[in-house]
Amino acid sequence: MSGNTFGTIFKVTTFGESHGAAMGCVIDGCPAGLELSAADIEKELIRRRPGKAYGSRDEEDEPEILSGVYEGKTLGSPIAIIVRNSNQKSDDYDELKDIYRPGHADFTWQAKYGFRDHRGGGRSSGRETLCRVAAGAVAKKILSLSGIKITAWTSSVAGIQMPSLGEAGFDFEEIERNTLRVPEKNNAQKAMARIEELRSEGDSAGGIISCLVTGAAAGLGEPVFDKLDARLASAVLSIGACKGIEFGAGFAAAGLKGSENNDMLSDNGKITANNCGGILGGISSGQDIFFKAAFKPTPSISKPQKALDSEGRIREIEIKGRHDVCIVPRAVSVVEAMTALVLADFILLARAARL
Amino acid sequence: MSGNTFGTIFKVTTFGESHGAAMGCVIDGCPAGLELSAADIEKELIRRRPGKAYGSRDEEDEPEILSGVYEGKTLGSPIAIIVRNSNQKSDDYDELKDIYRPGHADFTWQAKYGFRDHRGGGRSSGRETLCRVAAGAVAKKILSLSGIKITAWTSSVAGIQMPSLGEAGFDFEEIERNTLRVPEKNNAQKAMARIEELRSEGDSAGGIISCLVTGAAAGLGEPVFDKLDARLASAVLSIGACKGIEFGAGFAAAGLKGSENNDMLSDNGKITANNCGGILGGISSGQDIFFKAAFKPTPSISKPQKALDSEGRIREIEIKGRHDVCIVPRAVSVVEAMTALVLADFILLARAARL
Amino acid sequence: MSGNTFGTIFKVTTFGESHGAAMGCVIDGCPAGLELSAADIEKELIRRRPGKAYGSRDEEDEPEILSGVYEGKTLGSPIAIIVRNSNQKSDDYDELKDIYRPGHADFTWQAKYGFRDHRGGGRSSGRETLCRVAAGAVAKKILSLSGIKITAWTSSVAGIQMPSLGEAGFDFEEIERNTLRVPEKNNAQKAMARIEELRSEGDSAGGIISCLVTGAAAGLGEPVFDKLDARLASAVLSIGACKGIEFGAGFAAAGLKGSENNDMLSDNGKITANNCGGILGGISSGQDIFFKAAFKPTPSISKPQKALDSEGRIREIEIKGRHDVCIVPRAVSVVEAMTALVLADFILLARAARL
Amino acid sequence: MSGNTFGTIFKVTTFGESHGAAMGCVIDGCPAGLELSAADIEKELIRRRPGKAYGSRDEEDEPEILSGVYEGKTLGSPIAIIVRNSNQKSDDYDELKDIYRPGHADFTWQAKYGFRDHRGGGRSSGRETLCRVAAGAVAKKILSLSGIKITAWTSSVAGIQMPSLGEAGFDFEEIERNTLRVPEKNNAQKAMARIEELRSEGDSAGGIISCLVTGAAAGLGEPVFDKLDARLASAVLSIGACKGIEFGAGFAAAGLKGSENNDMLSDNGKITANNCGGILGGISSGQDIFFKAAFKPTPSISKPQKALDSEGRIREIEIKGRHDVCIVPRAVSVVEAMTALVLADFILLARAARL
């Protein structure tokens, strides 16, 4: 531990502060022989980039692969990827050096380490997630060889609910077409307007991300503490603003009867529902894997707030700098990446389950 | 990995099948000098035991400490604890040898390992959680030395909602008085009646467990993948029937504005809310830590169900054996135990954060 | 960590103090489907038992498998094995409660933990190695499925050198015939006589163990820190009295020229030597794997010695109790066991090396 | 695992191929508040650089710290350090693409991964050790705060034995004065001449490195598998050309009597010897820690050799490129670095040993 490594066989270590020299990751345990290029990484990083609408820092992140790839294929050795930080406006943060922004990690990191890089949140910045997306791009390539596909989307944003999977209006194609990553056009516009409104008020919005995994065979996950759902929960809750996760019927399952919640077979062998979210006893069942994760509104708002400073005084602050009014659409690619990391690891671990 | 170990410094490995010789755990990394006896373990195991009302197997579990304790104090060496299995009625499971119970791990474990102990669910049985409670008893003793107290309770069961923390009627004292572990007397009776009704129908119930941690100092948790919330999520979702978790305002936070969700300071330095659940940037803030977890209804119901057998045929089964109509009240002590394991580990890890 | 677990996929955790209730181990990550019985374990434990000649405690260790095996086959879940301690004579150690025996872990463990079980060395007793042998028995079964065979023997004891592998007189069959585990009859008797002499003088002897692994395919080992030789070194040096290890030509290689030390090919494709010990770049080459390990003489001698006590005074002690004059013959099975643990782990890890 | 990470709390992951874009490491778990600059790293890298005499590639390695340090102090977050590769002469290796050099990892890595970067040995190149030295520089700074000092030297090279620690002629000051890192002037010249002779013959030399650690308190090391000597053995044997290690009296101890080998106290409380090498029961005793490690001669020699090619044919090769006739002097700083990594980790782990 000390927290910057994820995985057992397919192991990812990330590093980097928001306003430091570079962000990066090292992927250890990627099997040899996988075709991989910087373009594979960049394609995913672009999906994570802010839409113009969000007003966040313009990140033209160019990944460089430093190791682990030769003649376009992975070597089985660690794959190091870095992205130089540029376009930082560290001065924007000068006023925040001695004050703890509400809803941020400023105070807690100071309490833990006694010292911090306050510029842009340092290591606790959302910018850290680009390393996850870079590593996730590699994991996704492994998954695709097994026919596994991960699709996440914004299912609720700024209080506006999108149609659920299978409901009228839900359109997979739409997700990548709009910057909010929602699966329906009309509500996309409505939500966009609401976000603009919040921006003008100096406020922010949260939302819910849904994630669907198709093509995963039965048998993935390691009992009893590294169950598939436990690992996914850990993976997704480790994303900065995430405040909750539920699998299949989730919290609603708590109010159902067993006869309602069990995924029953019909006479023709079809399963009538997927309340379990594709996971039973912590192991994939071969059904689609499905979960939802809740993201809180961006804590950085420009409205004046009261905050504690390093001397214990209460001061009023107005947070400057470029902040996403809503990070949910960008977190979609991060949720996918973390899901990919979990599954790639389990696919490799599953090879050791039987003689 | 292969999933049966939890923790980094305070590391717990559990073992045992429901109808095998014994259940047990090994705790490695418990500091030397802690006073510990079998009675400390048994006290927690009793809290996990089924109330008579639930109809489950009568487990008079006597823990034996095999190692790691000398003259009433921990040695710093591994603490092995076993509980012999007795009172198994393995014959009850003979009919289930070749059929996969709906909502259970039967099919997925068979898919993973190609071989399983079908009796009582084998390793995937809820009985496995007694090892967690045993280990949690040790962790709790460490926490109590730091003034940390964990209290979990049933906040909703069989569709009946209990008063929330701070609401009228909520009574901490009541939790240990009733077998449902609910914080209010009247609703306890109502829920008990509802559970009886479900039993007579051959059905089952789920519920929601709330967990409150008081006394935790700021600075616990390891960024970025081993955040306090990520680890707690992993810990709690690894409990068999758990389908979701949320911290602080949780899923509701997704619909709030930043100015509503940020835990603001009032003029006198009091924090107005605890929407963050005591965790910011994955590290404890010094506020109370608070989360809720959803548990699905027991999948074992006596109502006839259609199920797949090992030959791929659909058959009708009626599940015999002794099953809890609702496992939520028993899971309360398991949630506490897992929370204790996470915190004990982080307390020891925190010692390495600074020079 | 805290040191009581070995391995990554095939993971073994051991527990137990010499005079506590029981010794044991938990093997996590053993693939499902392996035939396994208590008799398999006992067979190896018997090989570790003291010959009558050594005068050590009579250990009729009966292993009990508590979990992980059903109907004679492994389940893929943790395999817990315990052996009850009996025949302890704890009173023999009363005088040692407050004094640190020379050459023993007494002082260092006290320094580390501030508290210890002094009886029989507690956790630092050689008795701990029986757990390794039990786990090694399981690992050996896995190896045998891949055609891998491990043979260790005493190649030098009490200063008497046995013929080396390939030299005149070396006889594999002889190893299991004599209690010293030496590969030649005549020197066995000579060494036995020398050991008797040392016993009568109240002194003790050390020796060297050689280990040969045949049948290992090329490709085992994980670069760069978990090289096959690095892991074997860690495994073997973790045995109490071990003070050194060398692979292939070992220390002698340091004085050779490259042209002498490189294992050259002859015209017909035969390799002329095995100076590398079957390992190149930390990965098995497909040749036989070969190493030697040095074991110091038993520190417990009955001759009077000066020792430090817990008050910092120098006192004279005469160590009572039953002690092996020479533990080397018993360590032979432990060296084999540790080698088996390393290889079983690498065989499972190797499955993840390529796509 | 997959082998590129070392440590539990103070965890180092290295990456990079010899002729790839860069070498580097990520140090996770370094406590916050340590003063650190690129100059600290470079100072150690210079010590690892080849002397002109060795004829190896001229490596003017400039380390860049990418993360984890702010305003000259560590943040507690991962410290990523990279060194760009330059001055590669990849063409020198064209002929080696399909042939396996004797004594090298070429064949074994091909066997493991089915694919490799043949240029300069790729990941199995000795160049990988610069990452260890970089990380070791950080570990040494931590150790120095505890008063721990590590000194390694060449105690035997090209068959020429240097005076041992404490013998006449041994001079600590001399070690850093000569490029062979030997502790005596006269033998340095003799050895240098011998190495020149070997170079002219197209041959190479090995040697032995001694390592002394002073100032380590009693109590470092984690029983039973992560003993201080087991971890050091693993650390040092993971260095490419290392073939053996021994602690204290080492292999010689195997031939001593217990009464000779036990480190006895004299009447005035002085310990008469340090046969245990400062480690008892796997835990530091407070005495000096001492071990020796054997390094084989460089396998790359320019003399013609027979070798296997990828088609299974035997061919004659003459290895071109720049190769150290003897890598031992350069390995001195690597042995120090690995020792530092082990000790830094144990110092942090020791904080969790007691309540």
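Residue numbering begins at 1 within each chain, and the chains themselves are lettered A, B, C and D in the order written.
Assume contacts are C-beta pairs under 8 Å (C-beta built on N, C-alpha and C of every residue); 3 or more make two chains touch, one makes a residue touch a chain.
What you are looking at is a predicted structure, and each value in this text was computed from that prediction instead of being measured.
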item	value
Contact-graph separation of chain A and chain C, given in steps at minimum	1
Of C-D and B-C, whichever chain pair has more C-beta contact pairs	C-D
Gap in Å, rounded to a whole number, between the CA centres of chain D and chain B	46
CA centroid of chain B to CA centroid of chain C, Å	39
Separation of chain C from chain D, taking each centre as the mean of its C-alpha atoms, in whole Å	26
Per-residue overlap in chain A, given as positions that touch at least 2 other chains	1-5, 8-9, 14, 29, 32-33, 76-77, 112-114, 123, 223, 349, 352-354
Complex contacts: residues of chain A adjacent to chain D	1-5, 8-9, 11, 13-17, 20-24, 26, 28-29, 32-33, 64-68, 70, 73, 75-80, 82, 112-117, 122-123
In the complex with chain C, residue positions of chain D that touch it	1-6, 8-9, 14, 102-109, 111-114, 123-124, 128, 156, 159, 198, 203-208, 217-227, 229-238, 240, 242-251, 253-267, 269, 275-277, 279-286, 294-301, 303, 305-308, 314, 349-350, 352-354
Chain B partner contacts - residues on chain D that touch it in the complex	8-9, 29, 31-34, 76-77, 142, 145, 223, 348-349, 351-355
